[in-house]
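Each of the next two complexes has chain A plus one more chain, namely chain B in the first and chain C in the second.
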Partner chain A sequence: MSEPKKSEFSVIGKPVALVDSAGKSTGQGKYADDLSAPGMLIGKILHSHLPHALIKKIDASRALALEGVVTVVIGKDAPNTYGILPVGHDETALAVGKVRYVGDNVACVVAESESIAEAALELIDVEYEPLPAWFDPEDSMKSQSNFIHEQRPNNIEKDYHHVFGDPDAGFAVADVVLEGRYIANEVTHAAMEPHCTLAAFEFDSQTGREGRLTVQSSTQVPYYLQHKLSIVLDMPMSQIRVIKPLVGGGFGGKSEIIPLEIIAAVAARKAKAPVKITYTREEVFLAHRGRPRTIIDLKTGVKKDGSITAVAAKVIQDGGAYCSYGVVTILYSGALLGALYDIPNIKYDGFRVLTNKPACGAMRGHGTVNVRFAFESQLDELAGKINMDPVSIRRKNLLKPPCITVNGLRVQSYGLPECIDVVARESKWAERRTKLGKGRGLGMACSHYVSGAASSIIRSDMPHSTVNIKIDRDGGVIVYTGASDIGQGSDTMVAQIAAEVLGCKMNRIKVVAADTDLTPVDIGSYSSRVTFMNGNATMRAAEDIKKRIVAAAAKKLACAPEDVLMRDNIVYKRGVEPVESKSILQKVLGTSPSDKAPTVSGHVEGQILRGSVQQKRKDEGPKERMSFEEAVTSAMDNTGALSGTGSYAPPVEAKGGKHKGGGVGPSPAYSYSAQVADVSVDEETGEVTVHKIWAAHDCGRALNPVSVEGQVIGSVWMGLGQALQEEFVWKDGLLMNPTMLEYKSPSSTESPEIECFIVESIDPEGPFGAKEASEGSLAAAIPAVANAIYDAVGVRMRESPFTPERVLAAIRAKNGQKKIEMTNRVDPTAPHKLREHGGSLWFKGRGPQRHADDPSRKTTAEPVAGD
Partner chain B sequence: MSLPTFKLLRPRTVEEAVGMLHRYQDEIQICAGGTDLIPSMKQRLFSPKYLMDIRGIEGLERIRVTPGLGVELGALTTLTAVEDSGFIHKHYPVLHEAVKTVASPILRNMGTMGGNICLDTRCLWYNQSLQWRKSCGFCIKKDGDLCHVAPGGKKCWAAFSADTPAALLCLSAEVNIASPSGFRRVAIADLYTNDGVNRIKIAKNEMITSIYLPESSAGYSGAYKKLRIRGSIDYPLAGVAVALKRKGNIVEDAKVAITGVNPAPHLVPDALHALAGREVNEHSAMVVGELASRVAKPLTTSLLTPEYRREMVRVFTKRAVMAAAGAEFSI
Partner chain C sequence: MKKELIELKVNGRRHEVAIEPSKLLLDTLREDLGLTGSKRGCDDSSCGACTIQVDGTPMLSCTMVAASYQCDNGAHEITTVEGVAEHGALAAIQKAYGDWGGSQCGFCTPGFMMTVRALLQRNPEPSDEDIRHSLSGNLCRCTGYTQMYQAIKAAILAEQKGMARGNERTEEE
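After this line comes the complex of A and B, so read on.
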């Protein structure tokens, strides 16, 4: 198919309202927690209050005696292990024998109401034997005993050591080499909707045995959920139906199986009744799966002309107590050092480490964000050393696509140069940068992201997406897609692509999505794969079904199938003007049509009667154009019911190198982003105010520009949260801020203007040339702000977030002013270790139950300031 | 998270309310706006047997000006009503400034003046769920005998975290307290104990019915500066209120109060001494900042370090003094 000009599209490239927006904005839409089932019970989970301990005994008899309690579920009710990655099956529905973090799942009470279930939690007696716990990844890596998982010696989940090119030679020819340690603290998704799952079995009325299971859950990955449920419950997947209702945001936090999803199903089986579990906000924080605290030791070499000669990165991720997506995260961190700039030599050492804290997983910008912060900060510093402008050094190191990077990533479309040009121009970088005055500065940074992984985590050759389409007799189009709309707009994307290919209006399309009984398999909404992969599958399904319509229409139009065109509900012969649908329809139908699917006269109780529109059409002779509906009817006359299918599997050329771990990083296409931040720094308070962000994002073709803008702005905003105020604060394995009050997601008052520029490098393999739009812009926001802070006040922030106390401490140190200990002994310009909260868990042997070797018991509480 | 079970009482008069308080002393909790209480009840910080919703009492939601005496704010007057009052804005600007920083607009629609004055003290180790508090060991403020911010200490250092009382201190406000034996008036300055547990000197059978702003405090220029991470929603991690009376540019009277750092709001002693009889300038403002930071005793009750909060009391006080004098601070 030759590349159509943009103006040739009728739906693609138009700012279309999301198809589910009316239900969401009126409250009619149903999220998981809005659902209920007859006889439904409520589940509440008992969480561990110890970071690492053996479970000696669980006695639920007092809880079971409470009126209204139906059952209590514990680990041995479903001991099979699971995990999102085949290499990381280390979770069980509820703890079996051992708890691994404060918040680990110990038991679940099933009761008639939430308050009864909560009261019963207090009546479960658990006897623990505390074990020493590990909270700092660098300490944890040195462990010799009491491993968090027996099969993971030294608490190292996975380590990778990659060398591409000749890094030593690269550093040898560099004119300037910089090394530094960067720390990015832990952040979480904080999606608006807390997780919720409703699980219900069908029970045989004769035997009472459980039959099919239906699970409705807030998930990004219904098919993975179906698979893991089948493992834990020992049931065939065909007996499990997973339905995704509306989801109120995921950002990666629902991209794997979250404990409550499994627990609800196990509880429903034991209680013999439907069970719903909804997490409290605190439980959402404890389920976590967010971005790990990452220690990055980075070394970069450049020549005087700015060209990068080599990069070496050692990355340690504080992964928490379970593998989750950890192996993938640590690989992304290394792999995506490539594919943004032209780097000839790369050395990467990545360590994913287990600690006794909630498991980290995938979060928007998975794996790339923290390393990108370090890299873009160091690149700025190098530019300073060689007296080069930060924009120029980035332009100097551009890739020359199509190409394959030194670490095996294939890059075809590459809009980064234009992204840099746009933000430099729009921010008036060159003119303004030196004239901003005291305390104000500009910073620039770039980032990129995959449009889905070329190799899926399920280790299968199955296509990553399949889409079916059925067309009804009155021209209604139903698209069955496994893609999970989690608010990002995939249902709308699917409808747009189907409408464009089929040449019908959007309102003919109904999308049935993410229901494992109805929709063909799709591996889920993560790694920004949906538009690219499910979009391509939708396109192919639509083309498949279109062939049949075109064949039938060709006969009617008395022309070759190649000369049949379809657009805006009209099917017409090439060379004929597609007259406005209204007059055509009037001619064909003899009725006044509306924009909705036209009414078919004679349609009674599902039957088509004589004298109906179909009969009329059959009687008519050759013509130049016809309605979509008529073409569909003709096709059905030929072949019966109309259905089409299409699927997408990434091409082998995009699957990357053969090295160990080489499957993570390769993608059929990469998005690109460049950003400029304009900030002020209050030198007396350390407060950073972002005035504006200019963000340019290369998304291939913007299928729906308003949706792309929303995603880019959302990404930048989320990045600003991590840059300035969001972080998990820890004290000896206790999460100090598991509330939306203390976890500081930005409020509207400190959210600056973000001006988005869409750059369209039409990708040769994306659907209509589209690539990802939802993640690639997050990472650049953090270093853009860090670089702007440096430009404003001359302090290099190497630990995120850049909170007022950290920035003030850095300014004070730089100016040689009176030193005030504001950062718990962690210098934010040269961070070396975990900054813990300053309070104290223990004092002279007094404190909560802990093992004698627990870190909290070793440190003696110091006298506190202020009194 | 569900609310604990309680019986809801809805008195129609102050007398009826005080009667209920008297009858159920240890088992009752007053609920006005509920913006702070309801989440705390879900966290099981309070599980009262009776919850007394006082919003049905007539006459407690009003702003009444009596020439010669001053202004009476009913205890149920919402923070939004105070914020929107042109009279308060004009004559008591420090209160206007403080009230508009409380939480967020939606919460101010529900939150009341009386509730803000009676706000529970806050600590990162206390304002947590039952499950969380179990994990770290119960503290002296609730259910236990540990203190995580002053290990080994016997006193609770939870920070008094309401914004408006700092302004009310600067205005020499008084509160009217109803009890079974009648009414008594207490200066705001005498209301707080500086103990995080028993933070306020109101007996279990008493309740605040109104707040008086004396006429003598009207016309003071004022400013309120608040340290917080977000521009909305957050409680103060430090707050400074300043009220100045000047003749020309010369300061005749000055009041400076801090909140959000100690278990009580405090007037800064000697602030007047530093400012009286001269023009406000950066130097004198800095001196007052220094005095204020000496009053501040922040501990590890928040996510920010005590050192930073104390330092910000200094900076914010300087800025508030300058702002109250109509002078822009320079960075």
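After this line comes the complex of A and C, so read on.
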């Protein structure tokens, strides 16, 4: 672990254990599924087994007749539409009139137990009329009728066409121009905690009727959930409380409203009892909202000296059946072509297309990852064409901040040059690259990401984060933050910042987070916005409350407020030694200050302390230093409990250009990452082994280095999953691998060493200079591996993941050998055979009954592989 | 299905529970005993989040029928993550996972606690390869495992130091 460099801080920059880590390692911490309520019922969802069909009739009478079944909820129980984006309200709690993917939500059984609910699912009779379905985005775009959503002709959710600078002129002056098609297949978050929601109504004392709703849910966005619940249930937001318990990982998969969250609330209303729904792992895969399969046609021009003259990208995303975050995803794909390198001319055409598959949404590195894979691969290829080292071509195209890119992104802090230097040095790039021998190679790639979006998805001028702090007579500091800790450590970040600003120890801070009744609005944990935005709000709240403590302390210390310093539980005059709190307290009290020890009189120490402090204060004249508690108590003399508030809204200068869609991409600050991958490729089997990744990440300032390293390593690791083995395998709209094993989430034996180097560029607007750390490193991992494969065996992988099949096909194609058909004679029309052990809900002997125009009736084209 | 009364010994205490004879041990622990530390992360015994120890051996409680593990003359001593903290303080491995970033979201952590605990009971000085292999039945989506290795090594060191201290004390007495 790298040593913290700065000693100017007492908490910031120090490796600290997450404040909730003991709860996690002892099992005391509660996740949504660990909760229950008296009289709680269990909900189970009936999913569609057809990809696209009209619902003619739902008959639940047989299910309702089963003992233990309380109710069955269907679409018309809550037909209001919602969606995470205001422009994409295309979902309903349960299907109304139509299902749009295998796995769409048709009905929900509420019963006394899970086993009864499951049995009842089999007894619901649904009559469907199949419609033609689309599984390939390029086919879907050509559709003329039977659109997935009537309001989206040709199944195009949204398309954008951006031109910045003069791309034609840029390509004209290039010495080399390359064009290529890259495909990144679909991946998903697969957070270890399956989604879970517990919803319960309480009675209203005034009306005697059903009153407030409390929802406890595995969410990254409790306030959005509150908002959407109010839309679907037709209830004022003030009557809905959303609480986020511990969340077992999100990665974007819980960053919007997942069907079960709404369904549980609707079910609780209808069942008149608390209802809990927990997804099975298979349902998690079908709820999805992951990274879409993306087809990228990329064209880049460079001069002989390596400088990039223009980039043109056409991006098609296979969005699945609902909008989800799609409009934002397709915009990120274009916008973040900028702000990594200096690119003078950019052309971007993006198409978000609807297909009859589970909706894609936001996943770690939202929108940027797949395009980054294409870009960094093509840049590598261009470097080869002009005989330039891959490291040098990247150094050649660096931005010169502070600057504003051609597409309107403001860049202030920019640690990319240092990141490149660090990984080149640590991997011994220059020395080793040529000496690795047959089948082994090094590859380099870079990436970047936003520290939150400068404009929120719901347009408003309100702050993106607000934090309140309360300090009461006990001297305890309670921070009320809406930030959602999903394992990334935001509660700890907030505690660290509050402790640093207030000059007290971490154990004095208690964080109350993500409870819409208690905490002020924070728009959620997504787009890596929390440290930057909630951190800034926390800092401001702490400074607000500190002002009052300092004013009171200044009187006692007989100095100007500017000369009052606070650190490690001591408040002291500038120029005076801040002695260890222990000795000071001993001086003040003449007793041992042990925080927990009860005093002789049996009183809790704090009460005694205040009494004696007040007594002392009267007796003593001016002094040089005092304890945190004394300072706080004197500030409270006239006001009672102290409270402070702070909020953060990104500055207008960070909000980017005025073009259509220009609101996505701009961020107050960008993180940077550079990576080198060391891989071997087995030319006989096509198997790729990653030996090591060196990853350098510019996070502005590492508030908590252990956490930053953990986030960077986790991102790179997740990128490696996408690079080598993770992928959704589809057959006619059926997900063939909805389990952790078949999806191939990497285990410890498949995970290489990842060494993380923290680069601190100290952002001028970040809290203590901090910016993004949890997503930006993901994207570089994929092209770093692709480039290393090229370095190893001379094949350019243009379709991810780089499975043995694809790599071998590419190697054989290069050598002029015939492709080996590994799946020959596998009958794809009999998926129930493949899925038997997984317990697929909709294939228990039902088989696909499809519309005559369904692609499952046609032969499909050969997939693209490497060349 | 009609319920039956069974007796389980969990974390050193005996519990009588009335459950359906087909009920899984994981569900019994979570729902009937309120021991929600063990997690369910999958449908097909692929994730390890539900790992417990039975007589010291790590096992997946999501695939075990509770009624088959009734306590019986000293056999079937079940330990869950709730039984790991020792003498009113975190066990070395629990503390180290916090200090070294071994858990982020923590959903996989109870399973890892039980797997690592069993490993270290069997082999107090495992090699890097031993550690890597013994963790391969537990999945984590957050950490990439790297910081877990650091945590495990730190825990081993802490244990050794603690043991050394323990020995000193005995010698003094």
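Keep this in mind: the second predicted complex is superposed on the first by the 796 of 867 C-alpha atoms of A that agree within 3 Å, B and C clash if a C-alpha of one lies under 4 Å from a C-alpha of the other, contacts with A are read in each partner's own complex, and residues count from 1 in each chain.
Basically, a residue touches a chain if its C-beta (ideal position, glycine included) is under 8 Å from a C-beta of that chain, and two chains touch if they have at least 3 such contacts.
No experiment lies behind these values; they were computed from the predicted model shown.
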- Which of the two partners, first being chain B and second being chain C, lies in contact with A:Q488: first, second, both, or neither? second
- Message: With both complexes superposed on chain A, which partner does A:I713 reach: first (chain B), second (chain C), both or neither?
- Response: second
- Determine, under the contact definition given at the top, whether A:P194 touches first (chain B), second (chain C), both, or neither. second
- Task: Determine, under the contact definition given at the top, whether A:T749 touches first (chain B), second (chain C), both, or neither.
- Result: both
- Name the contact category of A:S21: first (chain B only), second (chain C only), both, or neither. second
- Considering only touches as defined above, state whether A:T207 meets chain B (first), chain C (second), both or neither. neither
- Message: Let me test your reading of the model: by the given contact rule, A:Q144 touches which partner, first (chain B), second (chain C), both or neither?
- Response: neither
- Return first, second, both or neither, reflecting whether A:G249 touches chain B, chain C, both chains, or no partner chain. second
- Task: Would you check which partner chain A:E282 touches, where first means chain B only, second means chain C only, and both and neither mean what they say?
- Result: both
- Task: For chain A, give the residues common to its interface with chain B and its interface with chain C.
- Result: 115, 280, 282, 739, 741, 747-749, 837-839
- Message: For the complex, give me every residue of chain C touching chain A.
- Response: 1, 20, 30, 35-44, 46-47, 49, 80-82, 84-85, 90, 93-95, 97-101, 103-110, 113, 132-133, 135-148, 150
- In their complex, what parts of chain B are in touch with chain A? 1-5, 104, 124-125, 127-129, 131-132, 134-137, 146, 148-152, 157, 229-235, 296-300, 303-308, 310-312, 315, 331
- Of all residues in chain A, those that touch chain C in their complex: 1, 15, 17-18, 20-31, 33-34, 115, 189-194, 246-251, 278, 280-282, 486-489, 706-707, 709-711, 713-714, 716-718, 739-741, 745, 747-749, 751, 753-754, 837-839
- Query: So in the complex, which bits of chain A are touching chain B?
  - Reply: 47, 49-50, 102, 113-115, 118, 280, 282, 438-439, 682-685, 725, 729, 731, 734, 736-739, 741-742, 744, 746-750, 803-805, 808, 820-824, 837-844, 846-848, 861, 864-867
